[in-house]
Amino acid sequence: MKLQNGAEYIDSLRRLKPVIYYKGKRIADVTRHSATEPHVRAAAMTYALAAKPEYRDLATATSHLTGRTISRFTHVHQNIEDLIKKIKLLRILGQKTGTCFQRCVGFDGINAVYSVAYEIDEKYGTDYLARLKNWLTYIQDENLMVVGAMTDPKGDRSKAPADQSDPDQYVHVVERRADGVVIRGAKLHMTGAVNSHEILVMPTTALDERSRDNAIVCAIPIDAPGVTMIFGRQAGDDRRDKLERIDVGKPKFGVVGGEAVLVFEDVFVGNDRIFMNGENDFAGLLVYRFAAHHRANYGACKTGLMDVLTGAVSYLAQIQGTAKGSHIRDKVTEMIHLSETLYSSSIACSAEGSPTPSGAYMVDTMLANVCKQNVTRFHFEVARLATDIAGGFIATMPSEYDLKSAEVGHLVRKYFTGVADIPVEDRIKIGRLIEAMTGGTAMVESMHGAGSPQAQRIMIFREGKLAEKIKLAKALAGIPQNVKPKGD
Amino acid sequence: MKLQNGAEYIDSLRRLKPVIYYKGKRIADVTRHSATEPHVRAAAMTYALAAKPEYRDLATATSHLTGRTISRFTHVHQNIEDLIKKIKLLRILGQKTGTCFQRCVGFDGINAVYSVAYEIDEKYGTDYLARLKNWLTYIQDENLMVVGAMTDPKGDRSKAPADQSDPDQYVHVVERRADGVVIRGAKLHMTGAVNSHEILVMPTTALDERSRDNAIVCAIPIDAPGVTMIFGRQAGDDRRDKLERIDVGKPKFGVVGGEAVLVFEDVFVGNDRIFMNGENDFAGLLVYRFAAHHRANYGACKTGLMDVLTGAVSYLAQIQGTAKGSHIRDKVTEMIHLSETLYSSSIACSAEGSPTPSGAYMVDTMLANVCKQNVTRFHFEVARLATDIAGGFIATMPSEYDLKSAEVGHLVRKYFTGVADIPVEDRIKIGRLIEAMTGGTAMVESMHGAGSPQAQRIMIFREGKLAEKIKLAKALAGIPQNVKPKGD
Amino acid sequence: MKLQNGAEYIDSLRRLKPVIYYKGKRIADVTRHSATEPHVRAAAMTYALAAKPEYRDLATATSHLTGRTISRFTHVHQNIEDLIKKIKLLRILGQKTGTCFQRCVGFDGINAVYSVAYEIDEKYGTDYLARLKNWLTYIQDENLMVVGAMTDPKGDRSKAPADQSDPDQYVHVVERRADGVVIRGAKLHMTGAVNSHEILVMPTTALDERSRDNAIVCAIPIDAPGVTMIFGRQAGDDRRDKLERIDVGKPKFGVVGGEAVLVFEDVFVGNDRIFMNGENDFAGLLVYRFAAHHRANYGACKTGLMDVLTGAVSYLAQIQGTAKGSHIRDKVTEMIHLSETLYSSSIACSAEGSPTPSGAYMVDTMLANVCKQNVTRFHFEVARLATDIAGGFIATMPSEYDLKSAEVGHLVRKYFTGVADIPVEDRIKIGRLIEAMTGGTAMVESMHGAGSPQAQRIMIFREGKLAEKIKLAKALAGIPQNVKPKGD
Amino acid sequence: MKLQNGAEYIDSLRRLKPVIYYKGKRIADVTRHSATEPHVRAAAMTYALAAKPEYRDLATATSHLTGRTISRFTHVHQNIEDLIKKIKLLRILGQKTGTCFQRCVGFDGINAVYSVAYEIDEKYGTDYLARLKNWLTYIQDENLMVVGAMTDPKGDRSKAPADQSDPDQYVHVVERRADGVVIRGAKLHMTGAVNSHEILVMPTTALDERSRDNAIVCAIPIDAPGVTMIFGRQAGDDRRDKLERIDVGKPKFGVVGGEAVLVFEDVFVGNDRIFMNGENDFAGLLVYRFAAHHRANYGACKTGLMDVLTGAVSYLAQIQGTAKGSHIRDKVTEMIHLSETLYSSSIACSAEGSPTPSGAYMVDTMLANVCKQNVTRFHFEVARLATDIAGGFIATMPSEYDLKSAEVGHLVRKYFTGVADIPVEDRIKIGRLIEAMTGGTAMVESMHGAGSPQAQRIMIFREGKLAEKIKLAKALAGIPQNVKPKGD
């Protein structure tokens, strides 16, 4: 793999010229702009770990295509061990960055497209898998970051893609040429897009025959003509943009994945970069597999974030002199309990993984959906408990400008002191870290990233094997198995 | 009452010269500074409602001291009807401002100090109540805003006030003179302080004999010499300070009560403004009564905020075309259910109110504590549900600068459209409103305002009448009442 | 009122000859049969309290029809004070019986029918209210117990009443005569039916034009020809039937209301006892009002039960030596907190009550539904906490036969001892009380009595005033009120 | 293994003569007594599965001692695969019996004692492991059922073992002889004891030097002289004892594990059956390991029970015509979600297992404790949801005697009919199954089996690695790692 560490990754980004807007202005260099630099740094950590001996086993893998050592984030899972190593890697990255490191979306997209391309080829005699392998070898060898692009704007959600008044609400092919296709539309919430090298476009939902033009999977360089990104606002973004060091809470890394709107205005894609083209019957399967992989991850990376939060409030309680209170201990216990419950489903859906026909391994989809559903509950509860333990000062503290002020700095120092011998700055920094990790954007991302809660519930019901469970109940109640209500 | 409406209140503030710092700089005029103006407007609403016929019955009262019409926020509750009217008033104010309107702290302080002054006088033959009545008549007639100042910094919380290495961690009398006292210390989280006329200082906890110097209750003008305020940071404060109209979410009013650190550097208080001075045995009772009144309020004002949130997500769901989904309806139902459950305890603790020896009415303290405890759960859950219904765009939306940009504005408009005929700005504004009301500071305030959750649990256990409940159980189980474990 | 106390009530039951079956056999005397006697005793408590000076103010009222003193359970609420007194009475009765005392169903039925009869008369010029007043005066003067009969079997619930293959699945008029009607059908879950004097039949749901024969409200003596009851099984009923004194847990009173199936096999009802007859457009309103009254009650009586449970586990913790553990205290605190939260909604919906056109007072329906919804959550959680504190022995204790056994009694005594000086029987009795109050039937009744949870959610959504809440949100977000999505 | 199937197991029990009392009388034959027969049948299923080809891989293992095929329930886990297979086996057994099949306690005891005996031998030069291997080879070859006996009565729980006024409250050695020891005391809640062949006695808690006589681990035949059992009462036990076929709910198997009090009145144990004797410093480790194994299991077997409940309510909803309601589907989804969340932790703690010094594999103790903690929440919530979906009839249904009655049987049939074509008996049977599985004893067992909730919380806090988590937070907040509060 060409990019060997974080610095090389950052250098590589400087050679690209993507079109990115933020607060109404073009961003010239994502690696040096205050809005995007923290996200670049978080993504760089995925490169950095691969270079450290103690993490290499988790952070790299051996390519099944080339036999070469590659970043795990470009790997196609070959067995259960791969799935579990990924989970462990993500928890560590969550612990080290306290935020989204963005590289999973492309990773999961690669794995989902790989297995589906195999099955399309089987059914239709296409050569998508061969094309994908070529592109993927390039990605692996160069060690590129890929943004998986799935979520369409959807317009009026009570209507199907084909019924939208504006067809661009779902990315679609607007022109077919001998050498490729032209696509139009947009993808929302694109994590890590602005600092990726490549885009992997995928459909956002199962598609019927009327929506064959939406059934497009393809790879596009991030700075291809016609690609525009608009970087979103986040909680606390102005503190970050003003380069505050304390009040921003987590000065080095961002609060989320640096999401952007990604617009395709008649972008051309050559045939060698197209991995699905009109096979609408496979769109649902692709979404299903991508979603399962992605949902599994959330129980790992978010557990890493919760680990940080648990550490932060534990330290703050020590500083404030409350750490030995039985109710504080009980709340910390609950934070750990919820974190580990969440982590369990990431491990479990990996341990129960199984191969697809292509040989690529899938997580257990039921448990992966269960995992993400719990993220949408537990992360909020952990944040609530952190807020409880931390105390009201995380909402009312004076700014770092006041802390450093000649007029009132001494008052801030005097009245925000905790136990003896701990600098008041430490207390304030920990308070700001908790503020940054429990408020707003960070939580919303846990709710909707990898699919909103209802999406998981639909899957959980569908995969619940109710007919089998009914058999169990009948057997125990002494009811013959052959009696059934009509229509059920 | 002299100040008849919001404009007169705002004018009155301009005549004061309090010392306020924010982001390291002095604020010259709270009514015109971007950081404080929204909070001034929210407080002004308490004046405005008194001027509107449809709210006058709730927003005003008849003074039991003078018989004159006064703002309810300066009234001493004379009966259950007063208590219930207050609750209804607060819910309406919460609905109209979507935030804290700040005037309850002084209101509750007045009521608590009133009843306790009576009892101190009874026991010690002091004349605190007479002094208080004089001052209160002034407050009522002028219609002044009073900040109730209770929460001390507390330093190392594992130690009692008398055991702190820095005695200033709890406000205390540092000098006693014939004509008054000099106090030193600070109060944190002072809601509405910067736009109040007067400060009502109260102790923060029960006090033993060693802490008689902390047993001080007194009134101080907000711009008295030696008083300094440092205005705190809030989530999204930079958007507010930059006068953004959409991205700030709630352009007119703030996200919380505009909390400040309030420092007393050797402030002199004359005898006529002192309402407790060394009677440490009454400190606990005062805190108990203040806390009960204040906790009761949270079930009213926060229900108002939840009403707004419920309306916001309902409208957003309509715009997005999801309003008819059964899971959306169910989540909205849950939001209403939690809001009304919370409101019930505010109403109930008022309906179960009773007179103190002074004649001033108290809420039922058990139910008032139960009320606040539920705020610390239900507001978070309502916010979580709002986040769920709203969708991920509240975390990833481009800024209003992008919306108005010549280069990308059309893309934002195109891809953030919902159902036909609703301007895209409306969707974005509602999204930003939800963002502002669910993230960070707003939630922390619900957790810790009026006392952290554990403070309520201690009260709930204490007032749980376990001995009586044990009798009930024994009677039903057929166990003689006279058999009891030793030491219980 | 004729029946002055529990003994007179019990005597009065002996003069009736209702047809009741239990475990396949006819019950000759409900006051002396092991299955029904505990329920008779619980109902008798409603009579007993009226005779005790300390409870008379709550347990009796002054009839608005006659001016005479009557049991509150036969009263039509005339003001908010009446509503609140009812709530306080029910909590005390719950505390004293630890179970359902059964008299609310008829009580609420009387109040709902009263106000609806007035409105039917207004619209159709009928004389239902006059008839009802006659019958009600009789009920009040005699002080009779009335079972409110609402819940029909419903057959296939995916079908409306008029679409059932068996029309008897909803009680209906099968014959109309000059002097009255003949009805057929059944009512399920009839609390207190077997020890009531009278039945008040009501429809179970809103009815369309096709179901006018189901729109029947009438009063029937419990031993009228054609009325048959089948008494249901309950958790632990065999221990009760075998007259065990310890293992039954609550030897004097039952675990629930003594529910029965109530069958009408062509029962004739005279015109003077008919209060609705074909006015299907009022069926929904009747159910709505009955349900609101009844749901309000659950927050009172069940709080009484939770008080008993809280006392029971507190005492058991003392006996076991665990009462001072911080986690035990915290769980007891939570039990109290949930109980009082629940109680708050009963008080609140009463304090917010208002008059119907007839003058009879209604509770606030939103808060009453909120109240019952919380019963279906909090009673379960309180029971779970009780189980947690109690310990595993409530599931594994030897029987009272073993306790008294010559061979092993000494071993039971030795190994179930707790702290010194408390008889081992006390620990076992408390354990059995907790077992009886947390398992099975008792909990199911809390879930479904007064309507299943979804019934409340439908009401909460309907009464949520979403249009008004949307206005609040628009105002704060700065959105014009006149822009609305089509069709919403 | 000698006992090849359920029938052979049952025969083997008939050859034993244990002393068992129930309801004051001696039980002559556990395989034919109504109280114990259902539990024997449930345990027999562990033998039966080993005989079925489709389950053999899960239900048997290869002994690491002899290389022979043995029941998995007598196996010492050799790797992660063993741990996971156990989990899958337990879920299936839970599904097939709907109750506790009792064999895990001895299984987990064997595994815990094995690894600890190795470490005692290492430290003290004893030969406990050799003795254990001899005994275990006998257990494996004969395929015997072993009851793990841990929970002591504990007397006054505020006191340590050595401080009890009655030393017998903790099993202890009362006499030491050359050939063995004599023990006295009792063990409570002994699952499966009455139908086991052998007892494996273990201490119940960590022990200090004063309690060396309590540090005893040994094996005792179930019918050894001095061993007495008293079989406990359970919810619904009388229906079972009267051999009711419908109302008992689950006619073939019991509701729990058939718990008994197990008393040792000066029982002699020979040296070859002693595996710890005075090494109090290892008591805590033994409990820790036993508890972790046992807690891991609960996420498997209880998930099996929840599967049955989910099937039962799904079928009942079909019969009642409510299965397609969105709120029913949502509640079923939640039941599945909670079940699978629970299952995840069983799988995860196994997948994260690791070897002890003895080579025997341990589950991850953090995740195992997390697993059990969730049982104490989710099983209750699943039961609550089942009760919600089922409807009130499970609390009010007439008995099967009424169903079969000549007088009222036709009424029960008529009014408990659901959708067409499903026999009314089926509805009633499913209702009774749900009643049996959600009420009382069954739930208490989930709460306290394998340790009460607080026991898990203590472990979760201890294993939470707070120091490491604090480091993570400091790193992200930019705080030097070397600054630490004193004493933390």
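When the chains are written out, they are named A, B, C and D in that same order, and each has its own residue count from 1.
Keep in mind that, in the parts below, contacts are C-beta pairs under 8 Å (C-beta built on N, C-alpha and C of every residue); 3 or more make two chains touch, one makes a residue touch a chain.
If you're wondering where the values come from, they're calculated on a predicted model, not measured in any experiment.
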Labels of chains that are neighbours to chain A and to chain B: C, D
Contact-pair overlap exceeding half with A-B, pair selected from A-C, B-D or C-D: C-D
Centroid distance [mean C-alpha coordinates] between chain D and chain B, Å: 51
Distance between chain centroids, defined by C-alpha means - chain B, chain C (Å): 39
Two or more partner chains touched - positions in chain D: 327, 330, 419-420, 457
Chain C residues within the chain D interface of the complex: 21-26, 151, 153, 155-159, 165-166, 168-169, 186, 188-189, 228, 230-236, 238-239, 242, 247, 256, 259-261, 263, 320-322, 324-325, 327, 376, 380, 384, 387-388, 390-399, 401-402, 404-405, 407-408, 411-412, 414-420, 435, 438-441, 443-445, 447-449, 452-454, 457
Footprint of chain C on chain B - complex, ascending: 84, 95-98, 245, 249-253, 307-312, 314-315, 318-319, 323, 329-330, 332-333, 336-337, 340-341, 343-345, 347-352, 366-367, 370-371, 373-374, 419-423, 426, 429-430, 432-433, 457, 460-461, 464, 466, 468-479, 483-486, 488
Chain D residues within the chain B interface of the complex: 326-327, 330
